[in-house]
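Below are two complexes that have subunit A in common, paired first with subunit B and then with subunit C.
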Partner chain A sequence: MSGQVSEAALAVLFQCVQMLVVLALAPLLTGVVRGIKARLQGRRGPPVLQPYRALLRLTRKEAVVAENASWLFRATPYIVFTMLWLAAGLVPTFTTALALAPVADLIALVALLTTARFFTGLAAMDIGTAFGGLGASREAMISALAEPAMLAVIFTLAILLQTTSLAAIVDGTLGQGVGLRVSLALGLISLIMVAIAEAGRIPVDNPATHLELTMVHEAMVLEYSGRHLALMEAAGMLRLLLFMALILCVFVPWGIAQPGDGPTAWAIGLGSFLGKLLAAAVALALFETTVAKMRVFRVGEFLGGALLLGLLAAIFLFVSTAL
Partner chain B sequence: MGEIGYDMAHLLGASVLLMSFALLYQRRLTALISAFATQSVFLAAAAAWQGFFQDNPHLYVTAVIALLFKALIIPLALLRIIERLGIHRTVQQAMGVGPTMAIGVSLVTLALLLVLPLTAEASALTREGLALALSVVLLGLLMMITRRNAIGQVIGFMSLENGLILAAIGVRGMPLVVEMLVAFAVMVAFIIFGIFFFQIRERFDSLDIHYLESFRGEGRRE
Partner chain C sequence: MPALQFVLPSLLLLLTLGGIGAVRPRSPRTALIVYGGTAACCAVLVLAALVHLLGQGGVWRMPVPVGLPWLRSELVLDALSAVFLLMVNLAGVTASLFGWGYGRAQAGSGHGLEPGRVLPAFPLFLAGMNLVLLASDAFLFLVGWEFMSLTSWLLVLANHREAGNREAGRIYLIMASFGTMVLLLCFGVLAGSAGGYGFDDIRAAPHDPLAAGLAVMLVVLGAGSKAGLAPLHVWLPLAHPAAPSHVSALMSGVMTKVALYALVRVLFDLAGTPDWWWGGVLLALGSATAVLGILYALMQDEMKRLLAYSTVENIGVISVGLGLALVFKADGQQGVAAIAFSAALLHALNHSLYKTLLFYGAGAVLTATGQGGLNRLGGLIHRLPRTAPLVLVGAAAISALPPLNGFASEWLLFQAVLSGPQLGLWEMKVATMVVGVALALAAALTAACFLRFYGIVFLGRPRSPAAAQAREVGPAMLLAMLLPAALCLLVGVLPGSVLALFGDAAAGMVGTPMDSRAGTLAWMWLAPAAPGDGFGGNSYSGLFVLGLTAALTVLLRLLIVRTSDAAVRRGEPWGCGHPDVGPVAQYSGDSFSQPLRRVFAAGVFAARERVDMPEPGEMRPARLEIRSSDPAWTWLIDPLCRAVGWLADKVNGMQFLTIRHYLTLMFGALVFLLTVVAVVK
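And now, the complex of A and B:
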């Protein structure tokens, strides 16, 4: 009985640590990616801790809100930030013994992300400027294509591992091992393409630009200032961390501690997560410096490709189970 | 063959198939050629892996041929041709990328539905290998249909041949002579294509093959 209680207490503790870890690491990850990109492009770049300073400075500034803004505009930053923080907290990073593990469903994750995106789009249109509407319509186009692709990957995983729960996926992969599956490889590529689109990285959206022709996410948060902007920026950083952690935990889960493991396993889990995250940041920076931003109208083809790969993964899964 | 051997063979075959989709997706000629080179590298890796696991040394020869000719010499020659002809670097397509990819996935499904019932007695590896190879062949054909540019059609033809070699290496006991003949036929075809490019270019100032249609009596008036 007491063992169960302490297990539950540990799970709650891990959940809190997990929430704090993702929150603390998200700006650092953005800073590291920016730093590596700057190095690759032959610039010195800002210090890696710059995103923390930017967020702190923004929180100290006055939040200016347009006269015709409704409550929706003011509430959106808080909603978006909460949704993304919660979603990032659901993805197992260093241990699967999390209090929220039973609800950490891939479909719930998609729902949380979609809610956040929905409110961002609404708020962008609420203010009534042309840029907001433009960004919202582009974002709607991207998400309408990215979501089916992501769901196709999720269904493939669900058929392969008989579950959509993230903790169970990690435990299943670590426990019996599913081997090198063709479906998993196709799903990985598809999920990476979706992640690039959803996190607003370079071939789809440029996070560093304020150029009318190219921006998607930036156009929607253009009217925000002060602490509202800080929350939106932090949410964007959390989104990048979330997608990286999701890909890492589903496809390279080695090192993640499981329920019943001791403190060494937790330390290994945390260390391996940091290492994997750094590797992912380097890979992202390399990728972003080698490709060029694509035209907005080509995003449909890009994400259509992701959807087809997801479907192909499901088809091959059926073939290999039929053998 | 162990579990990991099966998985690796399967994964390398799927990488070749994936590069076929990458070929369908490309819009620039140079990117198209490098995607084809990558496909050939995967093909060579698949051949070497099969040679290692089937204990069949002649598959290493196939791997070396694929690596040398299809991943190095042919792409470099194609790049030189593009440079010498100074043609437009984008691929003209008869159909949009989206519909092409959708047809591609249907073709893969078709290949699977066709191969799996036909090879009920064969081992699982052979069946999947054949299904993957047939998909690559069909995608190569699709590529030849949907490209108007002669270079795009040649690449489609070459990737079709990659599919044939993939089928040959997956089946136990396929003699080397067959693969050599296929590779040789492709080399000859490539040389003929090279001459063909220069001829079309000289006559029409373009590699767009729809100019040829007037000679078949079905040309559009322009």
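And now, the complex of A and C:
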């Protein structure tokens, strides 16, 4: 009994640590990706800690809100940030012994992301300028394809491991080992494509531009300033971290501590997570410097491909198990 | 159980109220009596349903002194009827409340709601729906069904001076008669040669697979056309918006559920042991309906049409749930079948809540502005400060955002889909995956659709003077919206308790209630227990998600207040530095859906855009033309309606025959029927 109690207490502790870890690491990850990209492009680039300073500076600045903005506009940054923080807190990074693991599974995680996106879109349309509508409309098109593609990948994982709970997926992969499968490879490619689209990275969206022809996410947060902008930016950074952590924990879970593990395993979990994250950041920076941004209407084909890959992954699973 | 004794009096009172409504309908007192009485009757029926669901279950019977001499009619309330009775009458209470406020507001504003055409039919419409749910034989069922169809037809024609509404009424009448005829045949097949039309007789009689299969096809056709399954959905977006808003809410929110009740009653109860292909048919039709319905909703530029098409989508989703339940039941996996069936019932309840809420919202906007077109609205969040947040709850709930109710039923449905691989047939394994992806696509498109709906109608800047001068609606209408909004949150946070209500219905229809791993804490958790070797460990808790997001938001807010200065300066919108050209520069409904139209609608709906841009120097305005067509309309409904019109023209001549001709006709008919009898014997 006392063992159970201490295990529960540990899970709560880990959950709090997890929430803080994702919060602390998200700006660093963005800074690292920017830094590596600058190096690859032959620039020196800003210091990796620059995103922290930028966020801090924004929170201190005065918030300017358009005259006809409603309460929804001012509430949205809080809603969006909370949703992403909660979602990022649900993805196992260094341990699967998380208190919130039963509260929301992968499907609920997708829904939390949808909620954040929904409110971002609403806030974008609240001011009544052309840019907000443009961003919301493009984002709606992108997410209409990205979300089912992501769910298709989740279906594949769920069928393979008989669960949609993230912690159980990691435990399952670590425990029994699912081996190399065609479906998993297809699912991985599909999920990476979705992550690129959802996190607003090149070639779907360019986080560093204010060019009306190409921007999607930026067009939606254009009217924000001060602390509201800080929250929206921080939410964007959390989103990037979340997708990376999700891919890492599902496809390369090795090193993550499990319930019952000791302090060494926790340290290994944290260390391996940082290492994997750095590798992912390098990969993303490399990828982003080698591809060009695509036209908005090509995104439909890109994500349609991701959706088909996700579905193929699920169907291949039946074929391979039937053989 | 005393509450159940009030079921029959409530039904009779509803019928009486219809008569009262016809007497001096313009007087405000009549409106108060009719709507107040209807709300009271519906409240009693809600109570009766709750008493039945919370009690020991079982079957409540009460003989009624009508019916055919050899068929003793009864009102029968079992768990399935009680679930649907709850949905219909909850909506009935709020619709009466809304209708009362709506009638008063419309009378004041002169938008032209004719009480004489609404008041008599409104209580009768509800009485008809209740009668369908309580009927225990095919005749009483069909009487109720026709009552429901004809009174709603009258209500569709409430604003008959608009030509569009007359056309909608004509097509609705054709589709409704078609549906009833098919259901009549269905019951005929089920009753067989013994001719037992009571549901008990049908249940007890053996059904050979051929007859059962035929009955299944017929009920899918008949009830499916009423519910709005593709490709028979085309009349919904015509008829539902034509009626006054509280009636649209009932037609879209619960009349379609009554049709689903018929589907469930026949497929799960009356037609005997299911074959797996019954579910296959529902899965195929349901997933196609869901995706097509929401795609078409995305392209609508009228609020109520958009909502009606979104109902088509939801009916598709519920049918997928029912189809999964049938497939699993046929496969002998009752545990999973119970999950799918409960998910379908929960989604039906959820849809009845948020769709009525959204229709009331549309009614409030119509009252406040007189405008129904998306592109003439905007900025209403400032002008309707109480309506706007309530409609936002509805839009978020239908978009399946946690912790609201839409997500709970969708989550449960996905859990059932994910058990698909346990099915015996490999075709069904693959099919469930495809269906799952179709559901996911429909869900994502729904979020886009209601982002567009809410963003264009309530946010931004007003696109017309009417929208700029809107005034908030009265307390009765607001209360009617508040009730379903509160229930959306409550059901979303405590889905476990609601699912416990559905246990008996699931047990009756698929053999076992849904099992929960959460034990005594089941009210907090959505944690379906996996039967056998299957799926396990999945759970979701709306209560925790709500609590956590609230706590985190408060924490965040405190942090922000600490670090930043709380001042907010109001300024011009920045707009990326471009000079502001006014509200016309905002995205309209059409421009919002343009990317989606290009990606999704170019194929099936043949969506085309034509831009007519004048040369520099020409003074004529530029034009953008958007065209799309629903293939079901072109290939199925339009030819059918034209055929009926042609036939009606031909038969019309028979009104003007001489008495001699009539006698000849009767003689001929008699001879023909006698010959038929002789041959059959």
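Basically, the second predicted complex is superposed on the first by the 322 of 323 C-alpha atoms of A that agree within 3 Å, B and C clash if a C-alpha of one lies under 4 Å from a C-alpha of the other, contacts with A are read in each partner's own complex, and residues count from 1 in each chain.
Heads up, the rule we're going with is that contacts are C-beta pairs under 8 Å (C-beta built on N, C-alpha and C of every residue); 3 or more make two chains touch, one makes a residue touch a chain.
Predicted model only: the values in this text are computed from it and were never measured.
Within the superposed three-chain arrangement, the count of touched residues of subunit A is higher for C, of the candidates subunit B and subunit C. In the superposition on chain A, A:Met220 makes contact with neither subunit B nor subunit C. Of the two partner chains, subunit C is the only one touched by A:Leu145; subunit B is not. Of the two partner chains placed by superposition, A:Leu246 touches none, neither subunit B nor subunit C.
Within the superposed three-chain model, A:Ile315 lies in touch with subunit B and with subunit C [touch as defined at top]. Within the superposed three-chain model, A:Leu186 lies in touch with subunit B and out of touch with subunit C [touch as defined at top].
By the touch criterion stated above, A:Ile79 is placed in contact with subunit C alone, subunit B being left untouched. Contacts of A:Gly300 after superposition on the shared chain: both subunit B and subunit C are touched.
By the touch criterion defined above, A:Ala104 lies against subunit C but remains apart from subunit B after alignment on the C-alpha atoms of chain A.
In the superposition on chain A, A:Ala168 makes contact with subunit C only, while subunit B stays out of contact range. Residue overlap on subunit A between the subunit B contacts of one complex and the subunit C contacts of the other covers 300, 304, 311, 315, 322. For subunit A in complex with subunit C, the touching residues are 56, 59-68, 70-72, 74, 78-79, 81-83, 85-86, 100, 102-105, 107-108, 111-112, 114-115, 117-118, 121-122, 124-134, 136-138, 140-141, 143-148, 151-152, 155, 158-159, 162-165, 168, 210, 212, 219, 222-223, 226-227, 231, 296-297, 300, 304, 307, 310-311, 314-315, 318, 322. The touching residues of subunit A, when paired with subunit B in their complex, are 179-182, 185-186, 189, 300-301, 304-305, 308-309, 311-312, 315-316, 319-320, 322-323.
Interface of subunit C with subunit A (complex): residues 378-379, 381-382, 388, 392, 396, 399-402, 407, 411, 414-415, 417-418, 421, 426, 429-430, 433-434, 436-437, 440-441, 443-445, 447-448, 451-452, 454-456, 459-461, 525, 527, 534-541, 544-545, 548-549, 552-553, 556-557, 560, 563-565, 567-576, 578, 580, 583, 585-587, 591-596, 598-600. On the subunit B side of its complex with subunit A, the touching residues are 3-4, 7-8, 10-11, 13-15, 18, 21, 25, 97-98, 101-102, 104-105, 108-109, 112, 116, 124, 127-128, 131.
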